[in-house]
Amino acid sequence: LLVFNDSWSKSLGIGEKVVTDSNIIFGDKEIDAVIICSSTNTHVEYIEKALSSNKHIFCEKPVSQDIEKLEYISNKLQANNFLKFQIGFNRRFDNNIQRIKEKIVDNICLIKFISNDPKLPSSEYLSASGGLLFDMTIHDFDLMRYLVNDEILSVFCTGSVLIDPNLHEIQDIDTCITQIKFDSGALGSIINCRQSPVGYDQRIEVLTRKYNLRTENIRESYVITEDQCGSVFDNPKNFFIERYRDSYVNELKSFFDSIIYDTNVSVGCLDLIEAVRLVKAGNMSLEKNIPISPRSIIK
Amino acid sequence: LLVFNDSWSKSLGIGEKVVTDSNIIFGDKEIDAVIICSSTNTHVEYIEKALSSNKHIFCEKPVSQDIEKLEYISNKLQANNFLKFQIGFNRRFDNNIQRIKEKIVDNICLIKFISNDPKLPSSEYLSASGGLLFDMTIHDFDLMRYLVNDEILSVFCTGSVLIDPNLHEIQDIDTCITQIKFDSGALGSIINCRQSPVGYDQRIEVLTRKYNLRTENIRESYVITEDQCGSVFDNPKNFFIERYRDSYVNELKSFFDSIIYDTNVSVGCLDLIEAVRLVKAGNMSLEKNIPISPRSIIK
Amino acid sequence: LLVFNDSWSKSLGIGEKVVTDSNIIFGDKEIDAVIICSSTNTHVEYIEKALSSNKHIFCEKPVSQDIEKLEYISNKLQANNFLKFQIGFNRRFDNNIQRIKEKIVDNICLIKFISNDPKLPSSEYLSASGGLLFDMTIHDFDLMRYLVNDEILSVFCTGSVLIDPNLHEIQDIDTCITQIKFDSGALGSIINCRQSPVGYDQRIEVLTRKYNLRTENIRESYVITEDQCGSVFDNPKNFFIERYRDSYVNELKSFFDSIIYDTNVSVGCLDLIEAVRLVKAGNMSLEKNIPISPRSIIK
Amino acid sequence: LLVFNDSWSKSLGIGEKVVTDSNIIFGDKEIDAVIICSSTNTHVEYIEKALSSNKHIFCEKPVSQDIEKLEYISNKLQANNFLKFQIGFNRRFDNNIQRIKEKIVDNICLIKFISNDPKLPSSEYLSASGGLLFDMTIHDFDLMRYLVNDEILSVFCTGSVLIDPNLHEIQDIDTCITQIKFDSGALGSIINCRQSPVGYDQRIEVLTRKYNLRTENIRESYVITEDQCGSVFDNPKNFFIERYRDSYVNELKSFFDSIIYDTNVSVGCLDLIEAVRLVKAGNMSLEKNIPISPRSIIK
């Protein structure tokens, strides 16, 4: 394990193997694969270096909003049958979501996500976030494509600033409903809010012609306190680190398996491109107040 | 409808048909059936009058603690093939409990009741109640016999005064666990408490070799309020009037049906005798701190 | 009680007071109020007759899709300070929904309905229904205005035929998501499907800055059956008659109270007009695939 | 880490440090503490060796049914202020149970456990298990003492063979209800069954004068499948390894902390002795069909 970036790794006691020049990693023939979780502006550069030095790549989302650049990477990958490239859309690997995926054996009519954060992040974070859709909804877009197993025909977003008036200044929103139509005619709805009084609210509902599937939030505990005010169930797990902990382990295991057994990665570059396209369609929808087809987004 | 006792009936606007001499009712040949819900000390007298005047009888529990007297009534009833005699063990007729009864098609291994009142009644009520087992547990004994469809071999009660120290004075308890063994070997447990912080707590659980059955409390509403303190579900329905409202209608409908169609009543004099015997066995168990067979209770 | 229409009333044993000429009712000075639940095409005529003969009116929805006619009625009512006119939007009077209404003391950010029918009605019913929005969503539009206590700025609907391909022939849909923006910026989402595998699915969720409110479905029973397949909770109450039974009693009680105490009705002609306007905006949105302001709907 | 017993440790790849003579471990001055999880018949011998060689001890329950021997160990420990001795009553360290413990700030009136295994173990296991109470109920006895923070005055058990008739041959039972009275008058009830149709059923309920506390089972997933048969929630986690995984980590962390910071262990030799005494009182109660005081059990 060679690590680039020293403060975090030192805190874990893996100090000796830290390098401050990433080229040492890319030049090391002993290294078969890299996990890129540096700041977003470095993603494209490191991906290109990894490709040149023939290393498998696991890269954290969002990589880039530049679709032409993403397609350039995608083309390079397609020209190389050997290298694996996986994107960190971790929610696909969550145990509850996996259970839902297994149970979907019928055509989906309706799919509905509530995907709210516990509280507003700092204004610094918000300014650099790329906007609510690029920061939050991108996960939901990817997950919806994955669960429905179909492409999205059109996206219509309605957004508001209801939590923090300062968001007006940076032309962002804090609350949004995204309405989706799939090629099959299936309908989708994503609710996103930057601040939820109940904490990290992550629920999925799927309606098919034969059955419904739902995931409740995973609670901190299953202790219920009851008195004259009612029966109080514990809150959802704090935030994404706690709620989706298993998915981070599972996604890396899946990545390593695809290298070891030379199988396709579960979520690759084309999934990333489609998710970015959907975000851009959503943003255009917000701007023009009409539904937008992601197929019309070419850069 | 002829009614004896005027204050309640006047409040309902059925004043003209009220009589103050019960003999007018028992002497009226137009009347086929009587519903006895006067004070407990009058139950035996009115039952005997109704029997003599050939009227079907619906009588509120508990009738009497005197088993010899109850057996005398039972013998009279058995000698008369025509008259119906139903006891007001209303819980058997509750929709939820009916649903459980329908679903029990396998041998029961374990049955467990929680049957707690919302709060301590007045000291007057308590003094006249006949004690916790005669006032509360009698319902649970009857319901358990009904659901398990078997007789009880032995009863062991453990009681405490944990809510109101004044109960020591009247040699009563406010909290009790009753442990039951049925003839089949099935085991039962009844929890009774005079005061429950969550309100009227009425839950049943049945374990068979193949499945479990449970009833939750029926809540006042199914509105859930969620904030940083958790998800708050509404409390159970206030008390027996609200919780078991349907059962009071259903039990009378069942009584009338047994008259109209000349079928057996659902819960008759022998059920009452067995319930009283179980209460007395429980009280003896509390006194002697050993399990008691209800078959050893003969008066 | 004078009743017009004989088969139903005869079945209830109120045959003597049935008339076959509605003018007898409107001409009877003893009658203070009429409840109009005849077929929709007669609503306007009877409302006008009731207004002329000075009778309070309770009229079942939907009355008419003709906004000019509804405004004509509304103007007549406004000119008459005395007469009460209540519309049968019964869900406002449901106990669970009342509980939610009471608990909304903060600004709403998001409101979300799932309002699915248990199964597709007959093709005759569908042909005469006026379309999914006029038949189903109209209730949800009214309820959303009531709970949010604000007017709707724009409506965007996405619909599909996913259950019954025959709906294509009558230019109707069976599945629809309606996205709403209120004047305040609050966002709403309504999901409607003609057929739900779980039965009559009626859920509401409200998100404010301080708390969430939810209603679960009211189940047929609260018996849970558990085995190696999981814990099975009973289904929702069958359909609107069972689910909203209390609301039908409550709405009439409210109507009578507004007559007796000369107070405003809870839901009147302007609420009806707004609901019809929203349905028409929704239908136009489906046709043009853009969001529509109900204020642009003038006839 | 020195390990005695080689097959398991080899499978974990810690082969070099495995010894086949336990004296090497007890003689190694570098070793401060031992974790004894060998077969029960070796527990006492190893504890004595560890005491002689001045090593802290974590020992899996049940150690021994011989109370005199346990008291001999306890006396040795009390004579030694330095050495820590912790017993593997892991459930005390479960996160859900910890949450309950934190919330109990009032006097307990009633405490109720359901503690059922998913299925009958092999007949070999059953023969060597020491009986249902020594194998299953011992955990519940310890947990109840811990949560109520009081000693048990008397124990009354009722048992049956309802699952496997072969248990009659080894004079064991498969289903048992244990009724408990604490010194304070608080009442307890433990339900144990060797086979539960719902799987590993682990529920706790606590009633105080001011509130109730409950833990539900922790489910495999929180995906709910709904169709015309109802809403199906997933089953509880498979068995103790899955359900109480966190507790095994937490108990060792607690043991190491008590060594590092020289604090009292959370659950020591006296807790073990009391649990064994309660098992023996329970067994005597089964035999004599009367309640038994654990204080009467002296060997």
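Note that the chains are named A, B, C and D in the order they appear, and that numbering of residues resets to 1 at the start of each chain.
By our rule, a contact is a pair of C-beta atoms (placed from the backbone, for glycine too) under 8 Å apart; a residue touches a chain by one contact, two chains touch by 3 or more.
A quick note: this is a predicted structure, and the numbers were derived from the prediction, not measured.
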B-D or C-D, whichever has more C-beta pairs in contact: B-D
Rotation, 0 to 180 degrees and nearest 5, that superposes chain A on copy chain B via CA atoms: 180
Centroid comparison with chain C (C-alpha atoms), farthest chain: D
Approximate Å spacing (C-alpha centroids) for the pair chain C, chain D: 58
Separation of chain B from chain D, taking each centre as the mean of its C-alpha atoms, in whole Å: 40
Sites on chain B at which at least two other chains make contact: 197-198, 210-212, 225-227, 234
Residue numbers on chain D that touch chain B, as the complex places them: 107, 109-110, 112, 114, 116, 154, 156, 158-163, 175-177, 179-181, 185-189, 191, 193, 195-198, 201, 207-212, 289-291
Chain A residues touching chain B - in the complex, by the definition given at the top: 197-199, 225-235
Chain A partner contacts - residues on chain D that touch it in the complex: 95-96, 99-100, 103, 210-218, 221-227, 234
